[in-house]
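Two complexes are shown next, each including chain A; its partner changes from chain B in the first to chain C in the second.
Right after this comes the complex of A and B.
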């Protein structure tokens, strides 16, 4: 059984790599871009799910961490020339003017700085109960945005940064997404992961079993912030332009929708719903644009798409609280059982089902 | 560095107090709901925003203000109670995180519906000569509104304290906030009491919204977000769950925000970040706020 599952995993990974190779070389830029976004949202969703789903904290600061990550990689990877073009109102601060880093170290530094910010905001807020964390992290994301809008000589203020080199491709985004999935799976199944889940189920019980609440919460929060920073960095180098207005609460809301829809506390669920949400974001774009039905034209109403998504979030929370996967994970055994026509025999060899 | 005459100082102080009163009115709604449900009603800021639109359309369709404003208050109360029934009631026994997600969903839904229905472009709130007339005291010129707002706030606060401490409804609210189960056993109708709480909070948000519109006559669908967050912070500063505390917190936040910008003009761009820095300081050094009492957690 073990061996079969191992082969199946290897085969599907090979298929994924072949698909990515095909997509990278032959598919049109729009589809590649959406696939990239799917992978980036997977990373972001997993990082938020670690904090909100597995540890049971309620953090709303993801847009802030992403902003840090995005700006760090953008500033570090922008070429010296485009820096001069970007910063025409006020020249960029001297130490940054001549830096031009390769992508990977820039991405890593983005994650680290974002993790440090996560630690600094988490340490005071995590000593208190959940709701304060929600509002403090929300506030933190706003502060980051306000700071980035005002530091003209570092972030170019409200004008944003343009011409960020498009380093992010399918290999980077899917590679890092796969690494994130692996990392989260290992973390969740380690003793740390069990401690996090214990905190989620009952803080007081966990504490009386000797789990250091503060340490584990801060750890979960910092790791979450690290991956959010990486996700932000990938996004900056995918989109090519960033400005502070991108990192409003809507962005956090999208990630929250992903983890709620997928199931708070399921890695598989997050991956599936990251793809669903990202693709439907694009597919539902028509709602915001005028529609020509031949006989008459329905004028496009901007904002309609977000109405659909907020209704979706409400429906999931109110009626299907466990989302797609609940806290379950994918496994080959379950999957094969589900798709096989032959129903497994129940205890005592009784045949059930009529296939 | 500090270059301010006495008159200017008084002018800023008056502005700060009237902004603080508006914060206080909205903060009361947060603190009451938090006291009774232990929940940040994220939609409260958006209920406030809807109130300004109700008032805008009331006056827009030609109603005189003394009819339009009461209708606004009633509609806002209905909206607040509707949000409670739709988004919170069925989740009463759900895990806390689900309720908070539902609150965020409700808030987002109201904002985006407002964008779809009213359009994203700002609208000019009708100004009412009676309230906005500028009066001069010595060298200070202030709108009448600057005096009206704090007075209205104080009157409402006194009425609310009377309602909570002296009436049966108030007693039911206090009972529910202490312990849902016991209150139910004592014959308190929990759902109705929670509805009433949302209704009162929304009414105050509506009054705050109308006066906000008169003072800052430009309204748009996302105008509730920032004041909403700041007012929650005001409630935390005052001690969450405590109504007098919320009012003190509101005044404190309003005055210090205006004064900060007036004294250090270079910091104008950072004005919105200021409240959050205060929040983090309060959480670090006095998490129970000015008037709050420590709540120990039950096992």
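Right after this comes the complex of A and C.
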């Protein structure tokens, strides 16, 4: 059984790699870009799910961490020439003017700085619970955005940064997404992951079982911030242009949507939901166009397609609280049982860590 | 040997004094009970000992060390474990996970070693699972380790809570109404069970209990609380004949 699952996983991974190779070389740029976004939203969704879904901390600071990550990679990877072009109002601060890093170290530093920010905001804010934590983290994200709007000689303020080298390709985005899935699966199924879940289930009981609440909450928050920073960095080098207005609350909301639809506390759910939400956001673009419904005409309203997601979210919260997967995970055994329509031999198989 | 000592601990919530000047001594190997009518402050006393509440006044010592203001997880690590009056299991997690979580406080591997499944972590994990399965077997929960803990029948949930508390390697075990909701047969089994774990794990047990059958059967000494005040302290025989205890439980005889 175990061997069979191992082969199945290997075969699927090979197929994924072949597909990525094909997409990378032959598919049109628009589709490749959507696939990249899917992978990036997977990373972001997983990082938020670690904090909100697995540890049960209601945090809304993701846009802030992403902003840090995006700006760090953007500033580090921008060529010296584009920096001069970008910073025409006020020249860039001297130490940053001549740096031009390769992508990977820039991305890594983006994650690390975002994690440090996560630690600094987490240490005081995680003493709060529930709604208060949500408000504090939301405030943090807004503060980051306002700071970035006003640090003209570092972030170019409201003008944003243009001409960021398009380093992000399918190999980067899917590679890091796969790494994130693996990391989260290993973390969640370790003793530390169990401690996080215990905190989600019952803080008082967890504390009485000797779990240091503060340490574990800060740990979860910092790891989440790290991956959010990396996701932000990948996004900056995919889009090529960033400005502070990108990192408003709606961005956090998009990720929250993904994890709620997918199931708070499910890695598989987040991955599936990240793809569904990202693809349908593009597919539903026609809703933003003017529509002639025969009897009357709806003028083009941009953001109309988001109404679909809002309604969907309401339905999920009201009638289907667990989302797509609840806290369940994919396993080959369950999958094969499902498609062969046989009765499952045992309920609740364990996640094998290689989806 | 003196394991736990409380000196005049008092807990005030605003103007309400939930527990007043509570004194407690637990010697090694003893089973001591805390009884009293509803709302007498028994669970509050437990919460002070385990660090959930910080006493307004007074000191608590564990093996001579002052633990009054320590956080609950530190107190547990030192060797005081507890169960809860209204069962507090990790409901959505499996039976085995519930017990494994209580092993986490003694883990030596760091986060990095755990995520990369370093050899040291693998060994620790294996030992944790072995120890947890052993504990589950001892409390009579075999073959249910993969069930969701909330799906167990009530009596089993109680035993799972005790197994979970034992997994933290305690020296002092605090049981908050372990026999609540049990029928006479289960109560009798529980009485034997408590004695047995005391001997097997070398424990000192302090318990809150309403079932007099359990209390009188196994406790060496009994403390009686009423409205936060200790109204009696002594061996079961003394308590049964104590006028104030009878009054607190049955009311004062009215001769007028």
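Convention: the second predicted complex is superposed on the first by the 332 of 355 C-alpha atoms of A that agree within 3 Å, B and C clash if a C-alpha of one lies under 4 Å from a C-alpha of the other, contacts with A are read in each partner's own complex, and residues count from 1 in each chain.
We adopt the following convention: contacts are C-beta pairs under 8 Å (C-beta built on N, C-alpha and C of every residue); 3 or more make two chains touch, one makes a residue touch a chain.
Please read these numbers as outputs of a predicted model, since none were measured by experiment.
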- With both structures placed on chain A, which of the two partners, chain B or chain C, ends up touching more residues of chain A? B
- Query: Who does A:186 touch here: chain B (first), chain C (second), both, or neither?
  - Reply: second
- Query: Regarding the shared-chain residue A:175, is it in contact with chain B (first), chain C (second), both, or neither?
  - Reply: neither
- With the two structures laid over each other on chain A, which partner does A:204 touch: chain B (first), chain C (second), both, or neither? both
- For A:307, is the partner it touches chain B (first), chain C (second), both, or none of the two (neither)? first
- Task: Could you tell me if A:327 is touching chain B, chain C, both of them or neither one (first, second, both, neither)?
- Result: second
- Message: Let me test your reading of the model: by the given contact rule, A:143 touches which partner, first (chain B), second (chain C), both or neither?
- Response: first
- Message: Under the stated touch criterion, which partner chain does A:102 make contact with: chain B (first), chain C (second), both, or neither?
- Response: neither
- Counting only touches as set out at the top, which of chain B and chain C does A:213 meet: first, second, both, neither? second
- Would you please give the residues of chain A that touch chain B in one complex and also touch chain C in the other complex? 204
- Query: What part of chain C is in contact with chain A in the complex they form?
  - Reply: 50, 52, 71-73, 76-77, 81-82, 84, 88-94, 97, 100-107, 109, 111, 114-117, 121, 124-125, 128, 146, 148, 164-165, 167-168
- Message: Could you list, by residue number, the parts of chain B that touch chain A in their complex?
- Response: 34, 38-40, 86-87, 90-91, 94, 96-98, 100-102, 104-106, 108-109, 112-113, 115-116, 120, 225, 229, 232-233, 236, 269-270, 272-273, 275-277, 279-280, 283-284, 287, 297, 299
- Within the complex, chain C is touched by chain A residues 183, 186-187, 190-192, 194-195, 197-198, 201-202, 204-213, 219, 327, 346, 348
- Which part of chain A faces chain B closely enough to touch in the complex? 52, 56, 58, 60, 121, 124-125, 127-128, 130-132, 134-136, 138-140, 142-143, 146-147, 149-150, 204, 249, 253, 256, 260, 264, 301-304, 306-307, 309-311, 313-314, 317-318, 321
